[in-house]
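Each of the next two complexes has subunit A plus one other chain: subunit B in the first, subunit C in the second.
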Partner chain A sequence: MSVTPEKKAPGVRVSGLSVVYRTPTGELPAISGIDLDLVPGTITGVVGESGSGKSTLALSLLNAVQSPGRISAGSVEIDGLGDVVKLRGEELRKARGRHIGYVFQAAQNSLNPLKTVGKQLLDLGRSHDVADLRGLVREAKDLLGRMGMDGARVLDSHQHELSGGMRQRVGIMFALVLNAHLVVLDEPTTALDMITQATILRIVREVHEERGLTTLVITHDLGVVAEVADRLAVMYGGQVVEQGPTMEVLGAPRHPYTQGLLRAIPRLVGDIDEARALPGRPPTLGTIPERGCVFRDRCVLRMDVCETEKPPVVSLGASIALCHAVEAAADRDGRADIPPAGGLQEVVGAQGATGVHEVRGEQP
Partner chain B sequence: MFARRLAGHLARGLVMILVVTTVSFFVIRSVPGDPMAARYEKLVEQGMSPVAAQRAVEVLYGFAPTGGLWQQYVDYMSGLLRLDLGQSLMVPGVGVSTVLFSAAKWTVLPVLAGTLLSFLVGVVMGVYAAIRRSGRLGDVLAISGSLLHGVPQYVLALLLGAVFTTLIPILPTSGTADIMFEPGFNAGYIGSLIEYATLPVLTYALASYGGWILAMKSSVVTVLGDDFILAAELRGIKRGIVFRYVTRNAILPLFTILALSLGMLFGGAIFIERIFNYPGLGLMLIDGINNRDYALMGGAFLLITAAIVVANIVADLFYTVIDPRVRSGEGSI
Partner chain C sequence: MITGKNITKTFRQRGSVLAGREVRALRGVDFAIEKGGAASFIGESGCGKTTLGRIIAGLETHDSGEITIDGTPMSPLKPRQREPYFRRIQLIHQDPYSALNPTRTIHQTLDAPLALRARQTRRPRSWVDERAEELLALVGLDPAYVLPRYPHQLSGGMRQRVVIARALTVDPDMLVADEAVSMIDVSLRLGILGLLKDLRERLGVSVLFITHDVATARYIGDDGELYVIYRGQVVERGHVETIISDPVHPYTQSLLSAIPVLHGLEQPGEQPVVPTEALDESHHDAGCLFARRCPFRTERCESELPVLGRAEGTPQEHACFHPERRSVVATPIGRG
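Up next is the complex of A and B:
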């Protein structure tokens, strides 16, 4: 799974990013102080439960947080664009689509129901002052053909004439057709059946490598991440609690939340009862604690310090975790020996139908 | 496909008309107070012999009903097949269709003008109210819509009538045209027609404007929240193009309401016609009911039913033209 980063693939540096939502009870944080680097030419996966702030993070990369939300602090530096948070008006509009491609969740209807795909493609071309509209159509047909569809027929279709998997490929086409090299996919395979899901993930991977992209995949499905992502960020309560190379994070999870997530996956072989659900509920906007660790209420390794102190950033190998317990363990032994619960192999096992076989997890 | 659809609609429409005609025939006949019988009784009371009285009534109305209720029903329906709506009792010796047509011209044009005017203005203002819904002007527009929507037509008509007879008496408030002009195709008469139609049209437009602005506003707000609008913005589509995406999708459901309200054209605007003394279908229907003019009532109900049926068909067929999801018939949605 080695990726050769091409020159065109931009790097992205998210630092100190916070987004708040205005509510009747004041401004509540959806994500707070996120630091995340997207390495040029890699696929980064962001996983987390509903409400953990994944989609807010994804929209922030396009400075497109929807009202009543707003980016309250931090920056999103994208190579070739600068700080996206500072972009406004026409500059921002032109960056969207041309520099950053965004692919919507498959279940969502991201096409105008009254216009054919082709006409919407022309709208896209005109919006970005594409002089050679014929060339654009040719490019779109190539991309669609590349994804196993009849380009001419798809361009002549309305949204309702396409299946979920086809719509998703059309969405990917729209994200790439202007030659954007940073692509954000928000839940790209949610609501698709397993076969279509595997196809879409294969396409994402292939197109990513062919075109030399920097890709961010938002998902709640660890299997998806295991299949496509080079690097992984785990979100909880509006923070990235653990990040690092996918194999490292899934193979030897450090943060108790990541461990809990992996333990909760039912195995394809063995008893369903072996899967342990994480007790408790994720925090909502209003219940995110202001001080201390956001995960402490559900944490098995909870300590007194978790109540009051913000968890430290602990670097271990190539990955980073925000956790007092991880830090304590590292201090004690000079290395993290919190036993990883549920290694990568089992995640792969759970994803049997999507056919991951090139990744190998390491069991302790 | 299209022809089959149309044929199905027409068949259903005919059944609908048949049912409504039958029901209204018997309902009308069961209303107490038969005008011919009343006149006959009166003549007999005045000392005329029954035979002479019967003949006098026949001469007066130009026809006489024969047989029982069922026989009359069969006669009426077979007359309908020949597009014969029967004779008016209120205007003796004149066919119902003639009476209807003379009244229809005073209803269809003003109501059509009022509907289209309020539709255009209401839709434009509705878009504005939706886009500026968090601003002051948006609030004002939405509140004006709710207010006008809530005020009954006759109150609006009375208000406007009062204002334009007392405060600013610049517009005529009664009748259809100044009698000093010779009816015909001349500038003076047509100008006068327009002048006299202004208040009824204005009232009608104001009365329906509130509905349009509220409907369009909520439709636009719904579409603005749709995923494909955000998707278009995230693709960097120009504002003007996104605006067209919004408005075209938002106006679709309003076309159905428009087509249906055009179907109500022939129902007339009873209160408005009454207050401005405008001799349209609504006023005529009221007169017909007061005079127990069975044939006229039946004819008016038939006209209203037929118009609504036709409007439904037009709305449905129009949809197949403007909405690709309906066009392809067996779509997934």
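Up next is the complex of A and C:
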């Protein structure tokens, strides 16, 4: 291999990353101009709704965007690997698994139903030229034991003999067993029960700390990232609209989308009537606006400038938001507490009964 | 009003490997849902909540026990005689993407059941289109926009609203919503929950909400009754707000403890309950079904099965020998 294995948590710098999908109506952007740093040794959570581009972003980290999609601009610099976007063929294949572990969405469907987990482990070892296969098995057993399972028994099992939570843990084992130090988890707990989800998230956190990883968690569930992530990136319409330390982004959200999303989550405590759905619907590949702000159709703070100008990057404390309104507020009072909390509530509240929200913003 | 008494259901598995294995989906469940009322069944997957929902909607048979609808017991009736009763209970299931015929426009989808309804009630043909528009408006959609479109042209949230509108074509008394928002985008979920609540208030339709996400159960009405189901048994039952704020059964407490905390906005509950081991459906002990996973089990729990009741003077019913209030739910950090 031309690259030297780096055995510490690597940093990742995504800059100006764009991915387009070829369609009969031309090339449409799934993500455009994303800047995102993964700080070595941290867990970063990417949260977004369907069509926000979060899975495309995750696949780009492996340079694994499938045709008709392609990375059209930007770079993904990973410590010890270089720019992944430039890697090709065998180099790329070796990097996947050894440097970057990937836990796929619905781990239950990513295992081979005809082979035992152990056989699949040996396949993995051979395809990556692991000399010491016994060592690999030992490592796998250790990892499975670490996650509260009987390693020997799991390696002898077919996937149908394992529960959803167990398969998910097997997926995590596969991602880590080649000693990758950058791990991407795509929807690690979707389709799992609450209690199993809590167990998996605890394991993710513990394994992350013990092995000194850089971890990226992709999810639609803000609760999941709130639980595990040190840093949080909120995606909407193919862009990261807000990012920063989790505590800060959740405690003092700046972007109107983050604020709306937080208000739209059913919670166990608090006033039921304060929670409300975001009006409108998330954009799809074909409906992402070409100019201006991607969120403007659903935004309560929309201004004229949002129609035409790309939102500026506004840094506030340790977090960043892409929003004209945040910038205007920051200019106005030198800081960006937009707007007074009561004010926003009134604007949203003025839209009437919950029943009619969704129609708004999508009339032709 | 629909009630169930001691409903049981056992599935026998077929196929070479699992042949003869029995799964006791329901072990004698009682329930009662008032006209216009709201109830929620919560629990992990495989706990029997969906089976119970399907039995209530008339889509699944049960082994023993009695379902009574508006005072009429169902078991003496022939399937054909039961039909009119169960037609008034409509199921809305999880996946709005597969619930609608992709080759039919929304107009066609609503037209068929409404035309039948028009014949049954001797209404003129013109009533069908009027009613279709009325129903779409009722579920918060713009008829002019939605009617000519195919399902793939609508978002998940809009599709689920169409599914609800279709369920309303037969003027049901009850909607059974099985994980009705779990496939909907997070920002739109409250819209659907709000709609169900709204339909209760406006049409007097009762709503049975089946979910693994306890928090959503609050949003279909604060007068709702919550049933916590574990391995086919109701282990705690009572007013939704009571159970969320003061759960006494360790299983309910572990479900609530497992809900992610929004760090920065909330602080975790002080006494989280974590099951001591993972769910194992295969074990059959004489005692409490949860005993093996329960951090608070005693000898009695392992030998004797607790029954649902109000022992120890709790406001809700529970099936636990050692009910104790624990603070498990995250609390909002005061803004200051």
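Quick note on the criterion: the second predicted complex is superposed on the first by the 324 of 364 C-alpha atoms of A that agree within 3 Å, B and C clash if a C-alpha of one lies under 4 Å from a C-alpha of the other, contacts with A are read in each partner's own complex, and residues count from 1 in each chain.
Following the convention adopted for this analysis, a contact is a pair of C-beta atoms (placed from the backbone, for glycine too) under 8 Å apart; a residue touches a chain by one contact, two chains touch by 3 or more.
The structure presented is a predicted model; accordingly, all values stated were derived computationally and were not measured.
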Residue contacts with subunit A in the superposition, subunit B compared against subunit C: C
Touching partner for A:G238 - first (subunit B), second (subunit C), both, neither: neither
Partner chain in contact with A:P10 - subunit B first, subunit C second, else both or neither: neither
Which of subunit B and subunit C A:V249 touches, first, second, both or neither: second
Which of subunit B and subunit C A:Q66 touches, first, second, both or neither: first
Contacts of A:S127 with subunit B and subunit C, given as first, second, both or neither: first
Of all residues in subunit B, those that touch subunit A in their complex: 226-228, 230-239, 241, 245, 248-249, 252, 322-325, 328, 331-333
Partner subunit C, residues of subunit A touching it in the complex: 49-50, 148, 163, 165, 193-199, 201, 220-224, 226-227, 246-252, 260-262, 264-270, 272, 275-278, 281-282, 341, 353-359, 362-364
Residue numbers on subunit A that touch subunit B, as the complex places them: 62, 64, 66, 93-98, 102, 104, 108-116, 123-124, 126-128, 158-161, 171, 174-175
In the complex with subunit A, residue positions of subunit C that touch it: 44-45, 138-142, 145, 155-158, 161, 185-191, 193-195, 197-198, 212-216, 218-219, 222, 244-245, 254-266, 274-275, 278-279, 329-333, 335
